[in-house]
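First the structure, in the form of structure tokens, and then the observations on it.
For reference, chains read A, B and C in written order, and residue numbers begin at 1 within each chain.
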Amino acid sequence: MSVYEFRRTVSPQAAAAWTPRQVLLTNLRAVGGRAYPRVHGLFREKSWVFFEVLLPFLSTSTFVFVYRALRAPPEYIGFVVLGGAMTAFWLNVIWMMASQLWWEKSQGNLELYFAAPMSIMSVLFGMALGGMVMSSTRAVIVLAVASLLYEVRFAIDQWLLLLTVFFLTLAALYGLGMMLASLFLVWGREAFQMSQLFTEPVYFVSGLNFPVARLGLLGALALATIPLAVGLDAMRQLAFIGANFPIGTPTPEVEALILVVMTVVFLAAARWMLRTLERRARREGRLSVRWQ
Amino acid sequence: MSESTDEPKGLVGLGSPDWGGFDRARTRGRGVRDVWGSFRTAALIGWQMEANWTDPVLFFIYSVAKPVSGALILVVMLDIISGGADPGYRAFVVVGTALWAVVLAGISGLAWSILDDRERYRMLKYVYVCPSDFRVVLLGRGVARLAVGAAGGVITLAVGVLALGVPLDPAAIEPGLLTLVMILGLAAIVAIAVLIAAICLQTRQESWSYPDAVGGALLLVSGVVFPLSVLPLPLQAIGLITPLTWWVEGVRRALVPGTPSSIGGAGSLWATTTGSLAPDAPTIVVALLATGALVTLGATGIFRLSEGRARDRGLLDQTTGS
Amino acid sequence: MAVPATPTPSPPAPPAIETRGLRRIYKVKPTPVIALEHIDLEVAPGEFFGLLGPNGAGKTTLIKILTTLLLPSEGTARIFGFDVSREEKQIRRIMNMVAGGEQSGYGILTVREQLWMFSQFYGLSRSDGWRRVDDLVDAVGMGAEREQRVSTLSTGQRQKMNIARGLLNDPWILFLDEPTLGLDVAAARQVRELVSAWKAAVLGRTVLLTTHYMAEADELCDRIAIVDHGRILAIGTPEELKRRVQRESIFRVELDHLDAGGAAALALLPGVVSVAPAAADGGPVDRQTVGLNLALAQDGILASVVGALGDLGSHIVALRKSEPSLEDVFVELVGRGFDDPDAAVTSGPGGTAGAA
């Protein structure tokens, strides 16, 4: 059989009628396909080890030394270290996922993605998964080295809940990332600036370096809307049992439930938003206009 | 039109009045005028791109929220531990983070220009082959971002004064010192920006975060949010040869005299080495000049090397996304 | 004995492409741009259909609508019966697209990896994907470059890789948007040969090609629509379109000699429209020939002309047919303008076109 004769179906109608299994398999394969360049790119150009892992470790150390300068209780060092580790995932969501569709449009890939039969959510998830290699490396290095160097003492009782909260945080974060990706698709160039906006301001309201409940109403709002805030708060409570947390801080179990709700809501909203905003982008011709 | 009198006979036709002729003088350039023209044009382009937000409210929020949030993080950390009982240290961190907004914006400007032009606009190769000096064009593009950062820094300082209790007395400001350290400090920031730009010429599209990463690392050793004396001695030594440390110290000294020194203090490497608790103004200026000059020399050399390597390997017109 | 049931006739296969009143307006400032103006088009399954027109004619806009990347402002468009506005998922499963000058992909990947990544987007299994990619890479002549990074490919190599990407999922319809743009002669020919070979391998494959290279459209396309300013000016086979410009068959004949009155005698033959002297061929003085341009009502008249020349005692030294090119057709059509009633259309089999 010539290479040009391949996977023949009897009619275009038959070829277009995919079973749910075909749809699922295609989407799963698309995840792997899109993660591939991310993962292999990391091994082909290794400057990220220095810039994305070692330097951020120093950045986290800055806040450790701030607390040391203030003679803060030792658990605060642990809070900063945990916050520094989780920053990696937040940045992965913002830079490697949310604003990525805008990048793909600039490079001419976006229209090819939309012209292909897989779900764009698979592509986004593949991007996030691929970027997670870098993020995980960064998180592990920051956590392990900083904990050793700065003598952080973890006190963990409920390992299973801690791990569950961690994975729920990631799920909710990536759901949020998908929502943001759909918005960025429509915003165009502002997407890049918005990515910048989602760093320090979010670090502040998420309590990256301190218990978020210290922010009062603002902290409560963060707990209701930002997965990073909820997840970090819960993980701190589970990793540093016995530390003082402000009165009114929700328990880790409650925060885990909040994360579950966030995951479901964000993923459902992301699916709806991606479809709606794709349609809008198709109507306005934004899928293949660069330099917008 | 001028005709060269030493033109070989075979090329005489090029000087024909009918044709218009080849004017060798055009290849000579106009020196400083060209440099200024290139810089100004690049700065204008940079400003157009930086300020090209369709929603000015978003632009304002972005220019303000990012640096102000950075300051608020530290203020809250301070308040949690000390209960707000140390206003001097609060002024210390607010001034520091306001200045750091300028640093972060400044060091990212050149690097992002390279990545933008290479990956998005695919214009880098055209910019490179035009007669304008490539470094001048990059500098011009980066200056716009620096200006945005400076505005953010000023706003952060204003928020600090108005809302966070930073004791800024206009009568106590030392304008001479302030002007001098600002000029030298901005030059040092630009030098660091050139260094990072040199690196980004070699790296992938995902290097967008490298300037922030470098800024985050420098934050540790520059005495921005805590005195150097808190650090182990080797890190203090690194801080003392970093121009940004002297810049931050000088600006703090000039703006808010009486703020604790980030370089000196009991037990610091500076105090141990020199015997004085804090450097005086002339020392700050000289140290800033010396360390800035070192970084500038190093950055210039590394950029030249990077540029040569990029040309050799055809990196100027590649796209590298993943 | 049971009476055999009358077999139910199967419904006719829907057209590969069908548009009705298709319109697309871009809302830009200061004035909205009408990129497509009432396009009615029908392409049968198995056709190699060309859209020929200058830059800004609306070809890319039309292809973006048909490939579900853009919604029409008005009207409908269907691909094998599937509506581009509402059934984009089905369409994306059976089509693929390749554009000229495409710089998509990831420079850090090799050719093989890049194509494999796209194979995953079309649902091929991991191993099938690698196998398919290797087969296609060889078929498009990039075997030597399979492990080369995409960022190091030349323009021609990149486009061959893009063609391979377009064939990964064995589409029922392939959209080619100026696929030879920016390619040198050899690379462009290779691309055309690849596409032709692929189409010929299986009955029923449809290709929509947009191009502003007349010769390319002439060579590849079964039918062509000439587009300008968002309208279809004419549709037909290349021959039909050329006939619009030149209804007769023109032959240039070189004779060793022609007696006086010979040209007049030829002009009186049935089916001969005109006989005119042609310029001398500039050959050596001792071999001067007589050149004539003969306009005949149809090719078949040539036989009687040849016979008549023999009767006149003239020998034919050379005979050549000259045809108008599609460029002549385009210039003729575009130069007329839209208000000219003669810009109304000739229909080819199975096609319609929008009125000017």
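One rule holds for everything that comes next: a contact is a pair of C-beta atoms (placed from the backbone, for glycine too) under 8 Å apart; a residue touches a chain by one contact, two chains touch by 3 or more.
Since the model is a prediction, treat every value here as computed from it, not as a measurement.
K.L.:
Which chains make contact with subunit A and with subunit C at once?
P.N.:
B
K.L.:
So which chain ends up closest to the centre of the protein, judged by Cα positions averaged per chain?
P.N.:
A
K.L.:
For subunit A and subunit C, what's the span in angstrom between their mean Cα positions?
P.N.:
Distance between chain centres, rounded to whole Å: 47 Å.
K.L.:
Starting from the mean Cα coordinates of subunit A and subunit B, work out the distance between those two points in Å.
P.N.:
30
K.L.:
Can you work out the whole-Å distance between the CA centroids of subunit B and subunit C?
P.N.:
About 55 Å, centre to centre.
K.L.:
Do you know which subunit A residues sit against two or more other chains?
P.N.:
37, 40-41, 45, 107, 109
K.L.:
Counting only residues that touch at least two other chains, what does the list for subunit C look like?
P.N.:
103, 106, 108-109
K.L.:
Subunit B: which residues touch two or more other chains?
P.N.:
Answer for subunit B, listing residues that touch two or more other chains: 204, 319-322.
K.L.:
Within the complex, which stretch of subunit A touches subunit B?
P.N.:
Answer in residue numbers: 37-38, 40-41, 45, 47-48, 51-52, 55-56, 58-59, 61-63, 65-72, 76, 91, 95-96, 103-104, 106-107, 109, 130, 189-190, 193-194, 196-197, 199-201, 203-204, 208-210, 214-215, 290-291.
K.L.:
Note which residues of subunit B are touching subunit A in the complex, please.
P.N.:
Touch list, subunit B to subunit A: 52-55, 58-59, 61-62, 65-67, 69-70, 72-74, 76-78, 80-82, 89, 119-121, 199, 202-210, 212-214, 216-217, 219-220, 225-227, 230-231, 319-322.
K.L.:
Give the list of subunit C residues in touch with subunit B in this complex.
P.N.:
Against subunit B, subunit C makes touches at 103, 106-109, 151-152.
K.L.:
What residues on subunit B touch subunit C, complex-wise?
P.N.:
122, 204, 314, 318-322
K.L.:
Touching subunit A in the complex: which residues of subunit C?
P.N.:
Those residues of subunit C that touch subunit A are 13, 26-27, 45, 64, 67-71, 80-82, 89-97, 102-106, 108-109, 113, 116-126, 129, 132, 135-136, 138-139, 167, 169-170, 172-173, 197-198, 201-202.
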